[in-house]
Amino acid sequence: MNDMRLLERSVDQSEIKIAARDVQVWYGEKHAIKDVNVDLLDKTVTAFIGPSGCGKSTFLRCLNRMNDTIDISRVEGKITLDGEDIYDRRVDPVQLRARVGMVFQKPNPFPKSIYDNVAYGPRIHGLARNRAELDEIVEKSLRGAALWNEVKDRLNDPGTGLSGGQQQRLCIARAVATQPEVLLMDEPCSALDPIATSQVEELIDQLRAQFSVVIVTHSMQQAARVSQKTAFFHLGNLVEYGNTDDIFTNPRDPRTESYISGRIG
Amino acid sequence: MNDMRLLERSVDQSEIKIAARDVQVWYGEKHAIKDVNVDLLDKTVTAFIGPSGCGKSTFLRCLNRMNDTIDISRVEGKITLDGEDIYDRRVDPVQLRARVGMVFQKPNPFPKSIYDNVAYGPRIHGLARNRAELDEIVEKSLRGAALWNEVKDRLNDPGTGLSGGQQQRLCIARAVATQPEVLLMDEPCSALDPIATSQVEELIDQLRAQFSVVIVTHSMQQAARVSQKTAFFHLGNLVEYGNTDDIFTNPRDPRTESYISGRIG
Amino acid sequence: ARDQIQVSGSSTVLPYSTIVAEAFGENTDFPTPVVESGGSSAGLKKFCEGVGENTIDIANASRPIKASEIEACKAAGVTEIMEVRIGYDGIVFASDIEGNDFAFTPADWFNALAAEVVVDGKVVANPHAKWSDIRAELPDQEILAFVPGTKHGTREVFEEKVIAAGCEESGAAEVLKAEKGEDEGASACMALRTDGKSIDIDGDYTETLARIQSAKNGIGVFGLSFYENNTDKLKVATMAGVNPSTETIASGEYPVSRPLFFYVKKQHIGTVPGLKEFAEFFVSDELAGPEGPLAAYGLVADPELAATQAAVADEAILSE
Amino acid sequence: MPVSWTLLVVLALAGAGYLVARARVVAMAGGDVRRLHSRPSYHGWNAALLTALPALFLIAIWRFVQPAANPTPVAILALVLAAAGLGLALFRAAPGFRARNAVETMVKGLLILCSSIAILTTAGIVFSMLFETGHFFQKYSWHEFFFGTTWSPRFGGGSQLGILPLLWGTIYISLIALAVSVPIGLFAAIYMSEYASARLRGVAKPMIEVLAGIPTIVYGLFALITVGPMLRDYFAQPLGLGNSGSSVMTAGLVMGIMLIPFVSSLSDDIINAVPQSLRDGALGLGSTQSETVRKVVLPAALPGIVGAVLLAASRAIGETMIVVLGAGAAARMDLNPFEAMTTITVKIVSQLTGDNDFAAPETLVAFALGLTLFVITLGLNIVALYVVRKYREQYE
Amino acid sequence: MSDATLQGAQPRPSLLAADPRTRKRNAAEARFRAYGLGAILVSMVMLVILLFTILTGGIGAFRQTYLEIPVALDAAQLDKNGNRDPADLRKVLTLTYGKILQQSLEQSIADKGIAIAELSDKDVSGLISKEASAQLRNRVLADPELIGQTVEARVLVNGRVDGYYKGRVSMESAARDANTSPAQLQLADALKAQGMLATQWNWSFLTSPDASDQRPEAAGVGIAILGSLYMMLVVLVLSVPIGVAASIYLEEFAPKNRWTDIIEVNISNLAAVPSIVFGILGLAAFINFAGLPQSAPIVGGLVLTLMTLPTIIIATRAALKAVPPSIRDAALGVGASKMQSVFHHVLPLAMPGILTGTIIGLAQALGETAPLLLIGMVAFVKNFPSAPPDGLFEPASALPVQVYNWTQRADPAFIERASGAIIVLLVFLLCMNLLAILLRRKFERRW
């Protein structure tokens, strides 16, 4: 089966960043992810699309083991990062998460200052040699997330006192500041206006040069704009995975087709 | 000035549901809403648009005095509901909020069962005479919010165990179940897929027959689809307010114009 | 090594022990001994914990050490115990200073507080509500007595020397024994009523005093020294016609009293500096004699103090 | 005192280890901390902990096991251990060394050690009571102890040591105390966290906490001198419920006052920690503030509140002075709250500090009482845990 | 726009006039709020009453009556051999000094021409505290040259006379009192009129050690303060870190299984263990097994630590539980380790609860007597312990113990001192809590 897929997509093994094999997730009794097999490529933006509640966030959280924190969730199957099984007992999830960063669906800034929110990751990972470097990282990250202009005069105000969209961008900046190899973004633009959205999309495009990015989105347009690969989830199944262009122009599964055609505006 | 505006828009006084006059909001030192004057009409959907952080949520929260709960916020000016000043000292904010319902930007389901989340409003307002009626309200509200099919078998599971989009719809159902006269919705579809979005938009359209709805959205398309009136905010100012068609086809302010033309996809 | 003497035990002996310890510290070059309270039983228990630096040297007790305790001591290696009797504690009956005068006999107390009394030759649950119900000469006042709780050694003395004696004296003992048999009858003699007229005090005499002040018609059982310090608030009653005082108790006229002791761990003499000196100082005439500060505080001096002094000097130990 | 010197030297070594290891890895990385697996301070901590922990453990163990022996060899051994730990840490210090993981493993070990202190304490308590309880039941029938309805210890035998009246008193007094403290404490907490200005809260909370710090003897005297006679004169006597100055009601009321801060302060913190968004959700639906509190905030804060109530109940069960002075020492089973009664704890204290022979059942009964109480409260706590599990509403 | 049909006729409920249901709900709201305010008021009133009782009862302990008299140190009595040999001087007991003081007072009375009817020798000698002779003896031993001279001595007067000036003793009560007499009080009044006797502020209450039952006027809380301080040091240093560490492990790291349930129940149950049982444990574990000394603050501190731990753990765990999981997720999401997420984010947010637990736990520990009964801390201690760490192993008393002891003493003068000690205890507690309260305020926030 593995071979078949590889053949099918003619993907060079070396480009695969994350590979998922027969991944199953349960929340207690609820079977939220069913038998998902997918290869996420390096230096590529992959979009996860699908109706609300289909398991996008759940699958995303598997990729950096954030599901470990939910008591009732249970993951089966194998997920590898650069060929190493991330659910191996010897793997340190902390290191994994430093390499696979995450922007959560609900913005969750720390109840600290805006600056400290962004500086937190670089600080614990020792990414800056001194305060000046740290300042630089913070500014660069906030600029990347299109937030710098709005907050540059209030870096010491609490991050929780920002507007919804600002919080979302703060969380993006926070994740970017850690410089992960893979960035998982769960609907990063849901609360953003078109201009901010396009800025974030630009950021994603820049990141792609070095890293791989996985983005969950409900906006078909956005998926089409930013991603090279798209995965369509439905009721816990990965229904279709392929080049974004193919998926949007020529879906093979009727479910994909009907989801895409249900698109509005 | 009042007269002028009335003339200008040729709005019949009796149709005005909410009128705001010279409204100012501060968060501590920050002047978040500057001198906003607007008349929101009955049986009409009004869309608030504007870049992230411009004060849409803030102004929305003024309309049912939810800003009271933020210690550092301060509201000036006059806002009337059906001609009565809602900031009058004799006004009971509780009664106000029962009439002016709200869906928040960040989904905030109660840590209770899905059923109890939706039944909460009807229970405290005594909208159901018996359990059967309550069941009916709950079902109707969940159907309206396009969530019924997904949760009908797990009404007793906690609302906090839902996916992001499901939580958002739960909060919509919860607000609708209270049957308010005015419904304030802060980006109610930000986490929803296109199909769910269209269902919610349908709901909004139904509600309009009896109530007035104010919706904050970042999607110009959505604003165009659901609203009859649109208000464009920028840096705390209400830049332009008018018929949705006019605003989108023929904006009078250059700022509106550039925001709208910045639209993507 | 530890250089101060450690004393523990009876709260009744505590004031005397501290007075002596203080004077000992002031008048000698030894540090002032550390004196703990906590009850005779707890003190003896610690005393019998063993020998060594982290065990105490002296246990105060308001009763003689029991055979079982000597056994336990021995088992832990405390084989040489010196018993020192320092004098007697008088037990008095006192009421609020503003109240009526009382002249009691043990029989009055038995009739007032026993669970069952003999009326007209029959055993009945105690029917007396007022003192005057018992004997016409006694004041017309509700019966309300604050007696030491069963944790206190004073209670034992009270039961034996007042209630049981009163039981005998009033002739109730015979009737009770005849009706219930020897053993049952004897213990029925000492059973107190539980209908709220006799109230156990688990706390100290200060509590008894406080209770009398909040219930003015109460009569309390006190130690003589406590009464002597509170003569402005309390009025003492005579027992069998005798007024309690250090003299009448020393002479044996006043019937209700008990001996007080302390026990010295002889094995510590020589290791703990000043231990023997302290014991000798305690029983010296200047302190424990009838003119000394202990007597001034209410201790009834031991008429046989000289013998005690000699025994301490000889380091005589308890022998079975 | 060589021990304290050893301690000082070990700590100094640890401090030095911290600085040296830190500097060493930074130097190894050529001053570029980004090349390190872990932050420099983790390398420092790794060295400090490796130096200090083994030596400190050695000293601690020795202190408990062989307190009297000559300390010098142990001190030397401890210093050797410390030096060895330091050496190892410095040897291992390298940019690739996973110092954070090493430190976290050690810290986790320390955390586990700290939690096990609770277990050790329990074991200690159970064992220190089990033994003597065994002695007690050799001398006194367990049947009479558990089912006897009379408590009357005597000198020289013939005691009746039934636990039931004490148990009843304990339950009755604790219930009254909780009936006072839980509503007052909870309402105070709600008012402070939901209604009061920051100013009022800042003053009221510490003030109420003073109630927990007033020595219980003050409460006891307050019960005895003020509350007792007042209840007797204005309630008990007019209602024909007896004329006892000390009563269950007196002790319960006064104890309730003492317990207010246990409920109010802890609950206040927990209520305050409930996210504002939940309140907003309820208020946005048109609930009054009190509905918000009752229906949304309190259920979300339930585990903490139950914890606070349990703590208050625990204090009520464990309190002596107020009961002695307020409720009297009479062991009685009665429904009348204006009668004097007493509790298990009071009798544990009084039998332990009394004049009885310490090997007599009258003294040993204290241990049996203690163990029984332990088992009863254990049951209570299990029920509470179950209730919390069942009704907990986990937010987010 | 305006497919909205006009419905001018439909009556709108006014915001200003509440409908019946709202009125009912508002009434409930007002009641609820009133209950809350009432609860706070009740607590405050109780606090005020209790503090008032304590203050009025105890403030007297900080004032004391002193007598200033010239004392002729008669060489014939103090140094029979006349060689000022310290060894010989030491043999002269306090009894002798007592007599010298009495003679000096008699002399002063005669000099000043004070005449009082029915004044007995006992009244005169009893006026001066027994403490005075010890003080005088120490003064002479320190400076033998004083012998033969007449020195001014400032001595404490007897507790009853002192009580007379504080309103505790009256002429009427003195008439019935075996330990004083109206004549003695008249003498005191006369001395006062001469300016020799005065009631003054008395710091020595805070600095002097306890005194025996016969000298309430000399008793102080110096050692008790030190002992409590030492014990609280031990408790603070041990219980807060251990309690917080244990809670962190149990709440954040321990696997959630039957074992952790058992531990959780167990810890709550430890809170319900009567404090005296901890004394039993302390006696067995620390004194008999570990061989630590009796009456030492270290043992008291350890026992109180064990007793305080459950309180701190319960409060801390509740506070940790209350931190929203999204904060933990946020930290883990940027690659923080569990340990880092706890120490950097969760712990600061749980801080108010932890501090509350600490405040309440320490308050409890500071005021506890029962467990100290069994480990020898309920003691009469006259010699000050030295500075820590050695002082931790030397006998000391503690404030609650001092209160407990004094309330049991026969002389009513001790009641006043007990209240005074309670004031000290409360001040001590407030000082201890102040830092915690300030810290807590800093950490409090809502999200």
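The chains carry the letters A, B, C, D and E, assigned in the order they are written, with residues numbered from 1 in each.
FYI, contacts are C-beta pairs under 8 Å (C-beta built on N, C-alpha and C of every residue); 3 or more make two chains touch, one makes a residue touch a chain.
Keep in mind that this is a model prediction, so the values were computed, not measured.
*Asks:* What is the set of chains touching both chain A and chain B?
*Replies:* D, E
*Asks:* Can you give the shortest number of steps from chain B to chain D, where adjacent chains in the path must touch?
*Replies:* Steps on the shortest route: 1.
*Asks:* Where the centre of all protein Cα atoms falls, which chain's Cα centre is nearest to that point?
*Replies:* Of all chains shown, the one whose C-alpha centroid lies nearest the global centroid is D.
*Asks:* Can you work out the whole-Å distance between the CA centroids of chain A and chain C?
*Replies:* Taking the average C-alpha coordinate of chain A and of chain C, the gap between them is 82 Å.
*Asks:* Return the distance between the CA-based centres of chain B and chain E, expressed in whole Å.
*Replies:* Spacing between the chain centres: roughly 59 Å.
*Asks:* Calculate how many whole Å lie between the centre of chain A and the centre of chain D, each centre taken as the average of the chain's C-alpha atoms.
*Replies:* It comes to 45 Å between the two C-alpha centres.
*Asks:* In chain A, which residues are in touch with two or more of the other chains?
*Replies:* Residues 94, 106, 124-125 of chain A each touch two or more of the other chains.
*Asks:* What are the residue numbers in chain C that touch two or more other chains?
*Replies:* 38, 42
*Asks:* If you look at chain D, which of its residues touch at least two other chains?
*Replies:* Residues 100, 221, 275-276, 288-289, 291, 352-353, 395-396 of chain D touch two or more partner chains.
*Asks:* For this structure, give each pair of chains that are touching.
*Replies:* Pairwise, the chains that meet the contact rule are A-B, A-D, A-E, B-D, B-E, C-D, C-E, D-E.
*Asks:* Going by the contact rule set out above, which residues of chain C touch chain E in the complex?
*Replies:* 2, 4, 6, 8, 11, 14-15, 17-19, 21-23, 25-27, 29, 31-32, 34-38, 42, 46, 49-50, 53-56, 97, 204-206, 225-226, 228-233, 286, 293, 296-298
*Asks:* Considering the complex alone, what residue numbers of chain E touch chain C?
*Replies:* Of all residues in chain E, those touching chain C are 90, 93-95, 130, 134, 137, 169, 173-174, 176-179, 211-215, 283, 287-288, 291-295, 373-374, 376-383, 395, 405, 407-412, 415.
*Asks:* How about chain B: which of its residues touch chain D in the complex?
*Replies:* Touch list, chain B to chain D: 64, 66, 69, 71, 93-99, 101-104, 106, 108-112, 120-121, 124-125, 158, 160, 171, 174-175, 178, 180.
*Asks:* Note which residues of chain A are touching chain B in the complex, please.
*Replies:* Touch residues, chain A against chain B: 27, 49-53, 55, 57-58, 105-107, 150, 154, 161-166, 168-169, 186-187, 190-198, 218-222, 224-225, 259, 262-265.
*Asks:* So in the complex, the part of chain D that touches chain C is made up of which residues?
*Replies:* Residues of chain D touching chain C: 152-156, 158, 221, 224-225, 228-229, 242, 244-246, 324-325, 328-330, 332, 339-340, 342, 346, 350-360, 362-363.
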